[in-house]
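Common to both upcoming complexes is chain A, partnered first by chain B, then by chain C.
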Partner chain A sequence: MHTLSLADIDVDGALRETAGRLPTRSEFLVGGGLAAAAALLVPGVAGARAKRSDDAILNFALALEYLQAAFYTEAERVGALSGPLAEQAKVVGAHERAHVAAFREVLGRAAIKRPQFDFHGVTDKPDSFRATAVAFEDLAVGAYKEQLPKISSPQYLAAAVSIHSVEARHASWIRRLAGIVPAPTAFDEPTSDGQTIHIVNSTQFVTLHAPETTAHRPPAFTG
Partner chain B sequence: MIRAAGRRIGWLLALAAVVVAVGIGLLMAPSDRSVSHSSGSPVPATDASARMLPPPVTGFAVPEARELGGQADVTRWAPVLRSTQARQRPSFTSPAVVSVGRVTPEGTTNLVDAEGEVTRGGTTWVHARLAVLPDGRTGWLPRNALGGWSFVSTRAVIDRAHLQLTLYRNGMVIFRAPVGIGQPGTPTPTGQFYIRDRLTAYASPVYGPLAFGTSARSPYETDWPAGGFIGIHGTDQPNLIPGRISHGCIRLRNAAITRLGQLMPVGTPVTIQ
Partner chain C sequence: MQEMGHESATPAAVTRGSLLRRVATGVAAVSAGGAAAAGFASASGRPRLTGRDRQVLEFALTLERLQTEFYAQALAAGKLTGETRQFAQIVGREERAHLSYVERALGTGPQKPATYDFARYLTGNDAFIGGAMTLEQIGLAAYNGQAGNVSPPILAGAARMISVEARHVAWARGLAGQEPAPDATDTPLSAEAATQAIQPFLA
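So, the complex of A and B:
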């Protein structure tokens, strides 16, 4: 079975560039002091660097939000869910689409493009939908937890925190519907950038090739 | 025994200390918190809250969460990832209707519009419209032969009596144009079809600037190159539109087909009546 690499997912290179710009926790801690010192001397340079770093983090979050929004939208469109699960997909899908809109708005032209997705039929059945939704929400909570402390801008941090707590509510909701303890531990661990990318890759939900539905050859229709 | 009694006394002393501490706390509480006078109006707190930082201003707002709308008018389609047999019923032992390939005669990715699906014996089957003769046939394809779903909220209706194409989105008319259809000897087939692909930037003025491929086939033009599929396309003879002029294809004036190209995505269901 072919395993996707980041290059496969990220056809226009934006996500790879994004991940490359993400500071590690230690780099962030060390860099924070340096950035503060630099800001006193050359505030414009330090500010621009912080902006680029924050954009990278927001783009990373946007990639996850694209994935979740597409998943819930497809589940609702396919219509295989009913009862509490259908309600969860409807409400959470609306939230995830709002998150996408928010990140795209704030990133402007720096926002990565929406990839093509193929969920391999997991939205067609309630059991596979539920299991995938649990995995997605847990992943989002862990990934946000890793990224939030690295955000330089207090304004961006405040907004991102407001999304993170909603993702945690989503995780609790779907865990409850799956019969899993909603909050199994007193402290959550963050999910590193590498782990997040590995998990997304392993699903193979991001398609390598979009359907080619347009061609430039002369028609051979009956005329 | 003596040790156990000592432990109990120790617990009692500890509990008593907690009770005393809580009691003192309650007595002291009004002195540094907002309190209500007999009139009920609150008195501002002391400088405790004033020392707190103001809440941060958020850098961006999450817009209002909106639910999907127009579910009734949504059609889903999927690309064919591997060649497979469409079967009469959702079973590998059911007779094959036709082989469904990955590529259309135009060289684009083949796709099918889904009518529904069922799971039998662990295999999910998709009920799909087929681009075969006789027109209107359907069959069951294994779900794992298809790719991810895409969705459209448009549908096109071609009215042969009134020589008109109407495009709807979420049930609302968004486009209407006169058309040329098949001559009496080669009529445009009727039934339920879908848009399979879109051809542009070719050098063939007869078809105008843009052509849509549909799943409809002419039963009168089966020896036509590529099998006689019906297209929706432009023309180099706009003066003949509207009219019964073609070999089965639906012709629009070039300005109209260009506009339709901006509005009608592949996968759009097409009714010819």
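So, the complex of A and C:
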């Protein structure tokens, strides 16, 4: 690892760039089972029923974990990564799958279903994988941070807190691999639910039908 | 620094250090004076603190002060190079900002700074990064351990720093050749265990 470039990249820009060359059709968190979770989170959920509110928050987290788990799992399967990047995808993918399993277990029958994903080939090349992973992890940190003060149950809060900081480790890890400062600011700001939904939607990664990228598709990147 | 790789911030031998006593005394005082502390509110827009908020912030002050001083001394010693030096500069700056934030949140009456002993961490990159990794891991685990003890506004404020501490941990681990995120969840540390764990850094 050489000296980091202090010039930070515009993560949102990277995500926009990724999204920019994708077809526009599907919706995330506005279609299918995810709509329920999202709708509950958009304004005015607070108050009345703590359990129900916590469930909505956990489902929101679960949606993000589904997205991340699918992304890393596909990257591993496609096999276009090598060295430290492949190691990051393998380890972080296992974490995100563990987070999915934990939320599903806690939520039981209230858990939203796993949607279909189509990553439009961003897992086929190290560069697009890396840029997308940076964006996902920084987004997860902000999205979790927004939820923490709203959680009523001490048990759920403890779980969310311990996952929030692991997402921040992931963000730091992949940023370093991308050659950008792992901890660019003294304070990480929360990302509002609306902003999170908007960003995820803009990627077009969530689809209601079968993904185009399959296990049988050879990677575009052949080294 | 191999032993530093263990993530669980193993408490060092309990020395009845001055800091430990001071923290214990402070905790007792806060408990006794809870009603008064809960009434704390500022005209300058600081968040209203509960007795527990104040107690946790006092502890955060101890940790942030320790970290800030650690990086300041490490840089002053002039033995760091390359990315490790960059790490110390950036992380040191961020810890200073955290310290200011905690001081502002507390408003008045910060503790008298402890006396530190960082000598063994100031000899070069390897020694430094081992110490930094330990300190950051203690800080992160201690913050995570207090998340359920503070009121929502204080949690919201602390969470802005917690993830930055986690980024520091992962960066330090990477520099030390360790896996940045070895587990799917982070294990919290009680205030008591964290207080014990920082003893090796105190004079």
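Here, the second predicted complex is superposed on the first by the 160 of 223 C-alpha atoms of A that agree within 3 Å, B and C clash if a C-alpha of one lies under 4 Å from a C-alpha of the other, contacts with A are read in each partner's own complex, and residues count from 1 in each chain.
By our rule, contacts are C-beta pairs under 8 Å (C-beta built on N, C-alpha and C of every residue); 3 or more make two chains touch, one makes a residue touch a chain.
Everything numeric in this text was worked out from a predicted model, so none of it was measured.
Undergrad: On the A-aligned overlay, A:P190 touches which partner chain: chain B = first, chain C = second, or both, or neither?
TA: In the superposition, A:P190 touches chain C alone.
Undergrad: Would you check which partner chain A:Y156 touches, where first means chain B only, second means chain C only, and both and neither mean what they say?
TA: In the superposition, A:Y156 touches chain B alone.
Undergrad: Touch test for A:H95: chain B only (first), chain C only (second), both, or neither?
TA: both
Undergrad: After superposition on the shared chain, which partner residues are touched by A:Y66: those of chain B (first), chain C (second), both, or neither?
TA: neither
Undergrad: For A:F129, decide between first (touching chain B), second (touching chain C), both and neither.
TA: After superposing on A, A:F129 lies clear of both chain B and chain C.
Undergrad: Of the partners chain B and chain C, which touch A:R169 in the superposed model: first, second, both, neither?
TA: Second partner only.
Undergrad: Quick one: is A:L148 in contact with chain B, with chain C, with both, or with neither? Answer first, second, both or neither.
TA: After superposition on chain A, A:L148 lies in contact with chain C alone.
Undergrad: Taking the stated contact definition, name every residue in chain A that is touched by chain B in one complex and by chain C in the other, in rising order.
TA: Residues 91, 94-95, 98-99, 102, 154, 157-159, 162-163, which sit in both footprints.
Undergrad: Could you list, by residue number, the parts of chain B that touch chain A in their complex?
TA: Of all residues in chain B, those touching chain A are 55-68, 71, 74, 76, 79, 105-109, 111, 117, 119, 124, 143-144, 147-151, 186, 196-204, 206-207, 211, 213, 218, 221, 224-226, 228-231, 233, 246-249, 266.
Undergrad: Within their complex, state which residues of chain A touch chain B.
TA: 73-74, 76-79, 90-91, 93-95, 97-99, 101-103, 105-106, 116-121, 123-125, 153-159, 162-163, 207, 211-223
Undergrad: Which residues of chain A touch chain C in their complex?
TA: 1-4, 6, 91-92, 94-95, 98-99, 102, 141, 145, 148-150, 154, 157-159, 161-173, 176, 181-183, 185-190
Undergrad: Note which residues of chain C are touching chain A in the complex, please.
TA: Listed in rising order, the residues are 82-83, 86, 90-91, 93-94, 97-98, 101, 140, 144, 147-148, 152-153, 155-156, 159-171, 174-175, 179-181, 183-188.
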